[in-house]
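Okay, got some structures for you below.
Next, two complexes with subunit A in common: one pairs it with subunit B, the other with subunit C.
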Partner chain A sequence: MFLRNYWYVAASAADIGRKPLGRVILNEPIVFFRTEDGTPVAFEDRCAHRHLPLSMGKLVGDRLQCHYHGLQYDRTGRCVRIPGQEQIPPDAKVKTYPVVERHRWLWIWMGDPALADPATITDFHWLDDAAWGAKSSYLYVKANWQLIVDNLLDLTHLAFVHETTIGNSALAEHASVKVTRAPNNVVVTRWIVDQPAPPTFVKVGGFTGNVDRWQIIDFTPPAFLRLDVGATPTGTGAPQGTRVGGISMRNLNAITPETEKTSHYFWGQAHDFDVTNAALTQKIFEQIETAFHEDVAVFTAQQRNLDLIPDPPQVDINADTGVIQARRILDRLHGEEQAALHATAAE
Partner chain B sequence: MNPVTADPAGWVRVAALADLAEGAAFAAKLGNRPIALYRLAGQIHALDDVCTHALALLSQGFIEDGAVECPLHGARFDIATGRCLAPPASVDLRTYAVRVADDEVYVRAPA
Partner chain C sequence: MTENAVKLRVELVWQGDGGDAARTPPSIYLTADGRVILQGAAVSRAEREALALPLDAELISVDRTLIRAIKDML
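The block that comes next holds the complex of A and B.
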C-alpha cells in the first residue's frame, strides 16, 4: 500500500550530482542528476527504447545518454538524439517528476504533478537551522515502510532493543503516555519522570542523577516522524513546560517506500545545545546510528516472518495506541486516493 | 489483593478531585479493579476501565461527544451510562455511583 500524492524524500541533496543516481521509489524506477547549472532533475529510469535503466548511462552536457544505444534525453525527459537517425518518434520520452531541494534532502512528488505544491513539504528545518547542530544519514531497509513507522510510534521498544544507548527499563515501566489525534496527525507524548537517564543521555548530557525525560512523537502521513526528545534534571520543571539544565534533541525520520518489502530510511539527529561542536554532533549521531542499526535488524526479521506468513493475526497491546491511530489514518487516506483515482478513471 | 477500604455505606476513595481534569480520563483502582474516572461538564463519571472487547484501557482512549473511544480497536462507550455504542465491543461497561466530599472522589460498587 502506497500513498502517491505526497512529497517524499528521494535522496540526500549531496548525493545528487553529475553522476546519474538510480533509485526505485514506490515501485517506480527513477533516475536523478543535476544539470550543469546545478538544477536537480528526476525522470523515469527506463529508456523508452529497450528499457535499460538510464542511470547506467552518462551525462553529455545537460542530456542523459543511454548506455545501450546512445539515445539522449533532455531535462524534460524528451529524447532529442538517436544515433544514426534524424527522426525522433514522438513517443521517445520518459515521465518526469517534480523535485525540490529542501533541508539538505531532495524531495520528489510521486502523485499527480498538477497537485505538486512545495508548500506542503513537511518541515524538517532542524537539519539546516543554525540554531541546531545536526547530522543526517540514510539506511536501506529490507522491510515494509509501515514497520518503520510503527517502530517510531511506540518507543517502549527502546527499553529492550536499545538498552545500551537510548533505552532503559524506566521507559516501558514508569512512563505516562498520552496520545492525541487530528485528522492527519498523531502525537504520542511520553513522560518518564524522576528516573535514571539512559546511557546515551548520560554520555552527551552529563547527567549524574535522575531525570525527567520526554519523548514527543509527531506523525504526519505518509511516513514522517519528528521526535522531540530530551531530559532535564528531575524536579526542574520540564513536565510543567520549563526546560533548563538538560538536553533537547530532535530525531527526524522520513521513510520512503522503495517497494512493498523494502524502504529508504532517511533520518537525522539535531541538538539545541553546544550547536557548533561538530565532535558532539558526531558523538550523538553515532549513538543514534548504533540504535538504528538495532532497529533495522528488527525490521528485517519481522519482514522475514511476514513473507513466510502473509497477513498473520496479531495481538494489540496498550502501547499500540499511536501505531493503530496512524495506521487508521493511512488506511483512510489510501482509500480516499483510490476512490479519487477510480472517479477520474470513470470520467 | 489491595484491600478496599470502604465506609459502612460502601463508598471507597479512588482519587482526589484535583486529579480529574475537565474532558479527561483518570485511571484509578477499586481494589484491584481498573476503573476510569471522567469529568465532563463538571460531572464525574466512573466506569470500568477495561474494554469489553480486547482488554485495552479505555482511559488511554479518545473522549469525544460524551463517549470514549477505545484506543486500539475503536469500540465506543457512552461515558454517562456505560452503554456500548460501536463495535467491535458489544458488552456495556459497568458504571459506579460517584460522590465527591472534601475534594475527594468516592465511588461505590454496584450491590
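The block that comes next holds the complex of A and C.
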C-alpha cells in the first residue's frame, strides 16, 4: 500500500549532482540529476527506446544521454536527439516528477502533478536552522515502510532494543502516555517522571540524578515522524512546561517506500544546546545512529517473518494505541485515494 | 508504590474534526490490568427517577463524542 499524492524525501540534496542517481520510489524507477545551473530534475529511469535505466547514462550539457543507443532527453523528459536520425517519435518521452529542495533534502511529488503544492511539504526546519545543531543521514531498510512508522510511534521498545543508548526500563514500566488523535494526525506524548536518565542522556547531558523525561511524537501522513525529546533534572518543572537545566533535541524521520518490502529511511538529529559544538553534534548523532542500526536489525527480522508467514495473526497491547491510530489514518487515506482514482478512470 | 501504580498508563484523546475548539475532548484510559476507564459524569438520583433508570446501579453519563472516540480509537 502506498499513498501517492504526497511529497516524499527522495534524497539528500548533497547526493544530487551531475552524475545521474537512480532510485526506486513507490515501485517507480526514477533518475535524479542537476542541470548546469544547479536545478534538480527527476524523471522516469527508463529509456523510452529499450528500457535501459537512464541513470546508467551521462549528462551532455543539460541532456541525459542513454548509455545504450545515445538517445538524449531534456529536462522535460522529452527525447530531443536520436543518433543517426532526425525524426523523433512523439512518444519518445518519459514521465517527469515535481521536485523541491528543502531542509537539505530533495523532495519529490509522486502523485498527480497538478496537485503538487510545495506549501504542503512537512516542516523539518531543525535540520538547517542556525538555532539548532543538526546532522542527518540515510538508511536503506529491507522492510515495509509501515514497520518503521510503527517503531517510532511506540517507544517502549527503547527499553529493550536500545538499552545501551537511549533506553532504560522506565520507558516501559513508568511511562504516562497520552495519544491525541485528529483526523489526519497522531501525537503521542510520553512522560517518564523522576526516573534514571538513559546512558546517552548521561553522556551528553551530564545528568547525575533522576530526570523528568519527555518524548512527544508527531505523526503526519504518509510517514513523517518528528520527535521532541529531552530531559531535565527531576522536580524542575518540565511536566508543567518549564524546561531548564537539561537537554532538548529533535529526532526527525522521513520514510520513503522503495517497494512493498524495502524502504528509504531519511533521518536527522538536532539539539538546541551548545549548537555550534560540532563534536557534540557528532557525539549525539553517533549515539542515535547506533540505536537506529539496532532498529534496522529488528525491521529486517520482522519483514523476514512476514515474508515467510503472510498475514499472520497479531496481538495488540496498550502501548500500540498510537500505532493503531496511525495505521487507521493511513488505511482511510489510501481508500479515499483509490476511490478518487477509480472515479477518475471511470469518467 | 502499590501493585497497580503507574506502569504504562495510556490516555486516548479524540480531537475530532474541529467542532468546538474550546471544548476539552474527553479521555479514555487504558490500565495495565486490562480495564478501560472513561471520563463521564455521575447520574443523579433525580435524573434516574426522571428517566426511570436503575436507582442502585453504577451509571455514568458520557459525552457523545466519547462514543465516537471509542468507535474510532479502540
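To be clear about the criterion, the second predicted complex is superposed on the first by the 347 of 347 C-alpha atoms of A that agree within 3 Å, B and C clash if a C-alpha of one lies under 4 Å from a C-alpha of the other, contacts with A are read in each partner's own complex, and residues count from 1 in each chain.
We adopt the following convention: contacts are C-beta pairs under 8 Å (C-beta built on N, C-alpha and C of every residue); 3 or more make two chains touch, one makes a residue touch a chain.
Everything numeric in this text was worked out from a predicted model, so none of it was measured.
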item: Subunit C versus subunit B on the shared subunit A, clash or fit after superposition; value: clash
item: Touching partner for A:156 - first (subunit B), second (subunit C), both, neither; value: second
item: Comparing the two partners subunit B and subunit C, which touches a greater set of residues in subunit A; value: C
item: First, second, both or neither for A:316, with subunit B first and subunit C second; value: first
item: Subunit B versus subunit C as contact partner of A:95, first or second or both or neither; value: neither
item: Touched partner set for A:174, first subunit B, second subunit C, both or neither; value: second
item: Touched partner set for A:182, first subunit B, second subunit C, both or neither; value: second
item: Which superposed partner A:50 touches (first subunit B, second subunit C, both, neither); value: neither
item: Contact residues of subunit A, present in both the subunit B and the subunit C interface; value: 177, 179, 181, 318, 321, 324-325, 328
item: Residue ranges of subunit A in contact with subunit C within the complex; value: 156, 172-183, 318-319, 321, 324-325, 328
item: Complex contacts: residues of subunit C adjacent to subunit A; value: 6-17, 30, 32, 69, 72-73
item: Touching residues on subunit B, where the partner in the complex is subunit A; value: 54, 56-57, 60-62, 71-74
item: In the complex, subunit A residues that touch subunit B; value: 177, 179, 181, 316, 318, 320-321, 324-325, 328
